[in-house]
Every structure is written in C-alpha cells, then in structure tokens.
Amino acid sequence: MKLTDFIKKKTPKSDSSAKVLPYGENIITCTHLNKQFMGIKAIDDLSLQIPQAKTTGLIGPNGSGKTTLMNILTGLIKPDSGKITVRDKHRTRIKSNELRTYRIARTFQDGRVIEQLSVEDNLLLPVAKNTLWGGFTEIKTDDYQSRLEKVLDITSLKDHRHKRAEELSYGLRKLLEIGRLLMQDADIYFFDEPFTGLFPEMVEQVCDIISGLQKQGKTIVIIEHNMGLIKRLSDYIIVLDHGTLLAEGEPDAVLKNKKVREAYLGV
Amino acid sequence: MLLHLLINTLIVGSGYALVAMAFRLMNSVSPFFNMTIGAIAVLGGYIAYALLGFGLPLYLVVIISLLASSLFSGLLEIGIYTPMRKHGASPMVLMVASLGVYTIFESVIHLIFGSQYQTLGSISTSHMLNIGFMEIPLVQLLIIITSFVVWIFLNYYLHHTFMGKKIRAVNDSATLADIIGLKNNQIILTVAFLTGIILGLDGILVGYDTGLEPTLGFNLLFKGMIGAIIGGIATLNGAFFGAMFLALAENVGVALFASEWRDLIAFVIFIAFLSLRPQGIFQKKENNQ
Amino acid sequence: MEYLINLAILFSIYSMLALSLNMVIGMSGLVSLAQAAFYGIGAYATAIGMTSLGLGFFTTILLGIVINVAIAFVVGKILARFQYDYYAIVSAGLSVIVFSILLNWKKVTNGALGIYGIGKPVVAGYAFYSNSAFLGLALLFTAAIFALYVWIDRSSFGRVLKALREDERLTHVMGYKTKYYKSVIFVLSAALSGIAGAFFASYIAFIDPTTFQLKEGIFLFTIIIVGGLSSAVGSIVGALILISLPEVLRFVGLPYEIAAQLQQIIYGALLVLMMIFKPQGFFGKFRM
Amino acid sequence: MKKLLLGLCVLLALTACDNKKEQTLSKPVIKIGVIDALSGKYAENGQNVRQAIEFAKQDFASSDIDFEFVFEDYGYETKRAAVATNKLINVDKVDALISWSSMAGNVVSPLADKAKLVHFAICNDANVAKGKYNFTHFTPSGPLAEKLVKQIENQQAKSVALFAVYQPALQKHTDAVEQLLQSKGIATERFNFNMDSLDFDLMLEKAKQHNFDVWYICALPPSLDIFLKTFFQKNINVPLVAIDSLLFAQDKAIVEGMSFVTTPDGNKELLDRLTAANGSTNYFSVGYAYDVASLLMKAYSDLYKTTGKIPSSDEVADYLLALKGYHGAVGELVMDKDGIIMSQAVVKKMINGIPTEVEE
C-alpha cells in the first residue's frame, strides 16, 4: 500500500439526474455462489439474477440463507466460491467499502446506527467525502443540506436532529437507518427486514418511502416475512431454502407454487 | 550453558505462570485487565513478612497470609468491580478503576512497611539443593513445584468438579450465564478466593527468593499478564505455557544479546508473536462473523 | 507569580499531550498507551538536535515530527491488527521498547545520564529565555493544537473517526477505508506529542529516559479519562486538574514522610471515584 | 476622606519597616531548600538523605543564625524536580538549594544560576557544577577508579567483567574504571542491568563462560543483594571488587571479609545513628548529604560572624570556593576551582560487618 495512492484517491462524480440506468436486463447476477459456516452450507451453489429497476422480494424460511446472500452481495461476507456481476463489473467478491462506487445502499436487520453520534451526523456519514484529504477539509456540508432537510422530513426525524442516536426509540432508529439509505442516492437499495418491530403507521410510512423509490425506477431488494407486504411491494420474488434457489418469478405464480408452500407451511 | 538456560527458564517461567494462571482465572469470571492482581501477591508477601517479624511458626504464617490475600481479592471483586460492572462499567473503565485501587494500595504499603527492600528469609542462609549437575536454591525449586502443583490442581478443579464446570460455563459465555443466573456472587467469590491463594503463594515465594518492594506489584502483574495473553486468554494451559514461553524468550534474548535489552526482547517477541497469531497459542478460533 | 508561570508552562505542555492523545483514544476509540514514546522521541530530537547538531529549536521540532511520523507509521501498521484491550497492551509494549532504546542506545541518547544544556527557542534574534515569554510561545502552540482538534472534530474526517470507534464494519460499508483513517490519526497525534516533547526538553533544559516510561503513558491516559474523552475542553480540564492536584497538596503542609504517599492515595482515589460516578469524565462525549 | 487615606499610608509604612526591624533584632533565619526523592524508586535513599541533613542541623548548633530546611519531594522525575525548585525559589524564597542525584542536579543548576542562589548538588556530574553558584559534592570517579584499578593490577588480572546498574552516578564510576583499565591494556566487558532486574542467573552464567580474572560490581539494593546471592550460589571463585556497593548490602553475612573502594571516612557513628533512626542500611550518599548541609551552615554563620549581616549568595559562593582542609563526614575535603569537592578514595574491608580501612 503506497503512501501516495491513498492520498490522491478520487470518487466518480455521482449524478443524481440519471433516472433509469441503460444497463442490460439484470443489474446484479451471481453464479454458483457457495458459502459454508462451520460445516453448514449457508449458500449452496446458488445462481440468480436481480432484475433492474424492479422490486425483488427475497423470501424463505428462517436460516434459508437470505441474510447471508445479502451480506455477500454487500461485501460483508466473502463467498467461498462463485462470481458476482454488478452491472458490467465481474467480481469474485465485493468489498464493503466499495458499495458507494457501485451505488449500492443497505439497511441492517437490527437497525444498526452509530449510537453516540447525533441523528444529523448519522445521516451525513454516507454522503460525506470519503477521501482523506477531502474529508479533512470538508466542514460545511451545505451541498447536502437540502437533501438532509428532505430526508429529515420524509423520516419525521426533524425535531430529533440534534439528539444522539441512542436516545431514539427502536422505531425511530429504523427510520434513521432508512433515512441514511435515502441520503445515499444509490441505484440499488437492499432492505433487510425493514418492517419488523414497527408500529402499523410507521409500516405505512416505510411503504410510502419504498414506493417513492420505485417511482424513481430504483432497483430494490427486500427481505421480509410478512407475505402481505411482499405481495404489495414486489414485482419479482426469489424464494430460498437451505441456501438453494427454490423458485423465482411473478409474485402470484411463485406463491401458488407447490414446493414453496411445502417449504413454508410444511403442508 | 543451554542447561542453565532451560533451568532458569523453568524457574522464571514458573514465577510468571503463577501470576498468569491467577490472571486467567480471574479473567474468566470478571473479564477486564485487572491491575490489582500484582497487589494481591504483594499483600501476601508483606503480611508474611510482618507475621515472621512477630516470630510465628512458618506454617501459621503461610495460612494467615493466604487467608489475607484471598480475602483482599474477594473484597476487591465483590466490593468494587462486580457492582461497577452491574452499573454498566465497560472493561476499559474497570481497568482504570483497578489502576486507581493499585495506586492506593502501593502507597499504603509504602506508609506501613516503609520503602525499604525486605526479604523474608536472609538471602545468604537459603540453603542450596544439589540436583545432580547443578545447585539451585531451595526456594526456586519450591517455585517450580508450586507452579506445577497449582497448574495440575486447577486443571483437575476446572474440569472435574461441579464448581469448576460452572466457572468454565461462565467463561464460555458470560451473557448466557447471566441469563440463567449462573454468574452469582458465590462463583465470583470462589474464583476470587482461589486467585487470592495462588497470588498469596506467589507473594511469599517471591519474598523468599528475590525480596519485596512496594513497587513490586506492577512488574509481577505485567509479565504475568503478557504470559496469559501469549498463551491465548481463553484457556488455563495457554496461560501456563504462555508464561513459560515468555521466560524462554527473555532468556534467549539475554543469552544472545545482553541483559539490559531483556525487556525490549521480551516485548519484541511478544508483539511479533501476537501479530502472527492474534489469538495466542490455545485460544479457540474466534468466529469472525 | 513566577511560580504560577512555571506551572502554566507545564500545564500547556500536558494540554498538548492530552489533546493529541484524545485524538487517538477519544475520537477513534483506540486505547494507545504508546503516546509517552512519541513524547520522548520529540524531546530527544530537540535535545540531541540543539546540543550536538546545533540546530535551532524550531528545526528540531520539524526533525522530531519527521522521526515521529516515520515511526508512528510503522507502529500504526503493527497496531492496526489488534483491537481494544490487545491494542492497549501491544501499545504499552511498544512504549517499553522505545523507552529501553532511549535508555540503552548510549552513543546517541547518552543513556541513563541524560542530556543537559538544552537551549531555549530563538526567533529572529530574540531568545525565549524568560519564563513568561516561553509560556506565551507554549500557549500559542497549545491553542493551535486545540484549534486543530476542534477542526478535525467538526470535519467529515472527524465524523468518520467517531463512527469507526463504535462500529468499524458499518463505517466500512458507508464507503470509508477505515484502516487509513486510523493510521493517519495515529501518525498525526504522534507528531503533535513530539512537539510537546520539544517544549518539555527546552523548558527543563535536561532530559533523561525515566520521564518517558510506560508510567507516563498511563498518566496521560488518566488525564483524558478524568477530563473527558473525545472533548477538546475535557483534555484541557483534565491536564489542569492532574497538574495542579499535586501542587495543591504541596501547600496543604502534610508531614514529609506521608506527604508524597498521601498524594498518590488521593490521586488513586480520584481515579476510582471518577470511574464509579462519572465514567466518561467531566466533559466526555464518548463512553468507552 | 483624606484623613482616612493618610492613616492608611502610615499604617502601611509601619508594617513595611516593622517587618525589617523585627528581623535584625532576633536571630536571622536562613532558609535552605532541599530537592529530594522522598517517593518513587529511590524513596529509601531520599529518606536517608533527609535524615542525614536533619542530623547535620542538630549537630550544627549555630549560635547566631536559625537554619530552616524546606524539603520538597520530586519522586525522581525531572518534571517534578523543576516544579519543586520553582516553588522553593519563588514561593518559599529560600536562600540556598541542595539537590540529590545528578538528575535533580542537572535540572536545578540552570535555575539556581538564573536566580543567583547557591546550589549544592549531591552528585558527581561535573556539568552540574557549571556557573558561579553551583557546587557538587560526591566522590569524583577519578580517585575511586585509580584506587580500584591499582587493586586489580595487584592481582595481575588480564580481563575484568564490569557489572553496573543503570544509575547515573554508578554508571559514571564504572565508565571511569573501564577507561582506566583499557588504557592499561586490560580487557573489559560491560554487563549493564536495570534498577529493578531480579534475575542474574543467566548473566553470571554467561560471564562465567568467558572466565574473567576479576569481577567488578557497582549496584544498589535490591539488585545488589540478588547479584551477590547468585554470585555466591554459583560459587564463582573469582575475586570480586566493588566501588561503595558492598556497604549497602542488606545481608551483612554475604559480604563478610570482602574489600571495596570507598571514601575515606564513612563516619561510622553517622551511619549507625541512621540505622538506629530508621533501620535502613542503605547508606548511599548519606555522608555527602551530611557534609553539604554542614558546609552551607558553616559558610553562612562564619560570614555572618565576620560581616554582621546576612551574607549574599556571592559571598557564600566565594567562601565555598576557598574551602580548604575541611574535615567532613567523608574525610578531608578540598574544593577545586570549578566547584567540585575532591575527596580521596581508600580501600576498606568488611570485618564482622564493619567497614574498616585497610593498608593495601
């Protein structure tokens, strides 16, 4: 690691104007993915595609590898084997700090926020300059101010903006995490069980946010157990079972599929 | 020369091992860098020094000193560290608190026993034992024997007695132990007493071998702690062999270079060792999920 | 009055050290006990620079910074492999290594005898010989480091540090190469401690290895624990309390035998009470 | 209103001069500040130095001046030595300074020079004595080294192992011995060790392999006692010579019959008085502390007798520079031109625990 190369690192200029990206049919494809944890095959020779500018519901019984797959696609876990293609870039693994360059954003199951930082700092974190020198010299963040105000409105965190994240309720933390996601102006959004633990009115609020993203033609992947919400939000469904692809396709067709019902309801 | 190096490694290593095992044992129930470990040993030594001054017979002196050091260890754990942890003190905060307690202890010893250097038995009369090819002082032989006896006893105790199993359970997952109410004061007290006895023994032996000074606690602690870490904090055998390895590393350094570089060599080897195997020799591979 | 000026000089030197240490421990959560080593290297750079190499005070500060940056870069690399308590112990180990080099490398550092006759800073012919002038210069540097600290605290760079101290993986996902951030802040704080070392050497005019032992590293750590982690004001207040505490006790007129020991007891008690009632220190913004 | 102001001024004037008047009537008071290591690593030596100075004060029943010694602890740390000196000079307004150990000496001497106060340092660091007001009193390494090397030569030794602890004064002694031996073509090897090292097994084993003709030790307790214990346990039958060190052995039986080079007159009653007072046998630099305090008091009272007024620092400095034939606790003292007291060296032998001078 030469001293020079981490000084002059530049990030590509992100233009938020591009609505629908003119890439091919699928925005992410993975082929023959494998991941083993202490003898258990979490992901077993999995190959699938995430359709571009569509909302994909990722479902399957507990321990079917949904979260592991999402962690692999967002660089938290290194797959044992297999290839991942994001738009035109072929990779054997994705480094989590390159998510920004791939314009991918994600939330976490347990509403992961920086406890002792203020709500504002939590929201500014994903957009601030990520070069050393840039970060050093960037004090005023007014070019993100407008975006910040907008996100604070959408996630109703306006009057909590100076509070520390640890002072927020569980629901507000989830909203803060989604706010962080919205700040990033990415192309691909991963939601890991965004609705669990929320009050009904907050569920509606999150649904509105997601449909807002859908209108902008963003690609969305949601892990969720509540079939009603899945049907309501997703254009496409992937069903995993024991790390293998059980079924994929239109929501109605997939949910009627015999194998899916067996895996889920054990009927 | 090699023979001397090995024998000396055994002697110095046993000394470090006693502190390393005590540190490891205490860590299993109250996980933080406890700076007062050295102080408990020094207390044992000084109580023995005072009692010998009153002319008590040796066996009585040893019993009372061990009692005192284990009481002190129990008092520290139950009185300060566990309540603080219950109020949410993090390991780092506990470390600083134990540093404060150690500073107070060292000054109190200064005040009571003065800052002079004292030895328990007069050095010149410590009779020598001829073990075949060379002579080593009785005290140093005692240190080796005690260290091995304590090691074997702890291995037996932790693996074959009911209390021992409970202690290991607490060590494996403190949170689970909390949930099922396992980590009650009874276990913590037993471990604290056990640690106190081991450290008291170490204090008395050091008192006979190289003498006592109020500032002794820090050196004892530091080398023992490093031994425990080299061996991997998770297992008792790790602490024992880690301490032996540290002594070997120091002696090899002294033999090859010069003894003024002793500390430097010990730490260079310690850091090199750690960066190659961050978990130490025996620790179970951390699941880095 | 002269007495207070002298105390103020020591206070400003320890504030520089506390601020630079708080950048590492307070902002990025890395408990480094190696600060005393960089403090020592800075001091020796000035001592050797001014006495045998005949350099001016400010050139020796640059010399100290260059050496400290180089060593901190390597040391930072080694330390980056560790976490939390391992990090603290390894950094303590590095501090012992640097101390024993200062003690045993007699040809350069004159070993246990130390280096005497270290000069005062000279700016355009004016020598900072009087204590009040020296204090002015020291406070100038302390203020500069204070401003730098506040700047970093407010900058995006500082925000990333404060994020990685709690959840390095999440900060990584946010697109930051956390390894570089940790090593840059470590190197920067080492350089600043070197400056404090230079002022110490020039003020006392004599230095020897015993000042830069691990004990000093732990003392600096205590200053920011008492003052408050991750807070510029906390560092200053911590330095003020722990520098003036022994002096206050000196005037309480305790009998000689127990005066020295009583000071240590009160100092230890302060630590224990702080950790029980106010673990994040008086002005702390970060709970370890 | 004016009357009030007038009254105030008179009052002020009275108190000012009153203060002056009161001083000349009764005995004048001379304050001497002592920068001493009462805590930390050298706490034991520091306490003994304080004890020796208090003995000196008792013995020097001066008729016309009251001497007051103000002790400040610096715990063998340079930063605290600077703070202590600054307090003594600026708050206690002391008339003279005494410091113990070359570390403190080096810190105090520039400060004393600037404040124009006489400073007597108990250390053998020549550069501490720079400047008109600075003096040092410790056996300079020269005479000790010469006496010791003569002893080594008597035994026709070809190679000497030099064991020395990392303490400034003792390192200087050992450096002098080493240079002298090398100048006489005798091979030497240096074994340094830190103050708190407690394991000499391997170091002595290594030295044993190179079979030196003579071994030399210069250390302080506790490392001294452990060195001796290991030396005898390995029954290395090689003559062991030393500078001072054997004097401090905690276990007198070990050093019985051994000879060492030290200052002429260890002033046995002073050492016994000290042991009686606090049970310590670590007499390191006790005699010098006693001398320094007595010399300062002698200078002030002699000058006061002749001039009738409190002597200035310059007068005291000149008086000390002209010191000749003063019989101190450590023997005949002669002040050389740059403020270093020369005292001779002599060979002593421990005979049933008592260091007695021996003609070699």
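To keep things simple, chains are lettered A, B, C and D as they appear, and every chain counts its residues starting from 1.
Note that contacts are C-beta pairs under 8 Å (C-beta built on N, C-alpha and C of every residue); 3 or more make two chains touch, one makes a residue touch a chain.
If you're wondering where the values come from, they're calculated on a predicted model, not measured in any experiment.
Enquirer: Would you mind naming the chains that touch subunit B and likewise touch subunit D?
Expert: Shared contacts of subunit B and subunit D: C.
Enquirer: Would you kindly say which chain has the C-alpha centre located farthest from the C-alpha centre of subunit C?
Expert: A
Enquirer: Which whole number of Å gives the spacing of the CA centres of subunit A and subunit D?
Expert: Subunit A and subunit D have C-alpha centres separated by 74 Å.
Enquirer: Provide the C-alpha centroid distance between subunit C and subunit D, rounded to the nearest whole angstrom.
Expert: Here subunit C and subunit D have centroids separated by 33 Å.
Enquirer: Using mean CA coordinates as chain centres, what's the subunit A-subunit C distance in Å?
Expert: About 43 Å, centre to centre.
Enquirer: Per the centroid of Cα atoms for each chain, what is the distance between subunit A and subunit B, given in Å?
Expert: 50
Enquirer: Give the residues of subunit B touching no fewer than two other chains, as numbers and ranges.
Expert: 110, 260, 263, in rising order.
Enquirer: When you check subunit A against every other chain, which residues touch at least two of them?
Expert: Counting only residues that touch two or more other chains, subunit A contributes none.
Enquirer: So which stretches of subunit D touch two or more other chains?
Expert: 39-40, 43, 47, 166, 192, 194
Enquirer: Using the touch definition from the top, list the residues of subunit C that touch subunit D in their complex.
Expert: 1-3, 6-7, 10, 103-104, 111-114, 116-117, 200, 203-208, 210-211, 246-247, 250, 256-257, 259-261, 263-264
Enquirer: For a test of understanding, state which residues of subunit D touch subunit C in their complex under the given definition.
Expert: 38-40, 43, 47, 50, 71-73, 75-80, 82-83, 86-87, 89-91, 102-103, 106-107, 110, 125, 127-128, 166-168, 171-172, 192, 194
Enquirer: In the complex formed with subunit D, which residues of subunit B make contact?
Expert: Counting only subunit B, the residues touching subunit D are 1, 4-5, 8, 11-12, 110, 114-117, 119, 122-126, 128, 135-137, 210-211, 213, 215, 219, 251, 254-255, 258-260, 262-263.
Enquirer: In their shared complex, at which residues does subunit C touch subunit A?
Expert: 151-152, 154-157, 159-160, 162-163, 166-167, 169-178, 180-181, 184, 285-287
Enquirer: Which part of subunit B faces subunit C closely enough to touch in the complex?
Expert: 32-33, 80, 84, 87, 89-97, 99-108, 110-111, 225-226, 229, 260-261, 263-264, 267-268, 270-271, 274-275, 278
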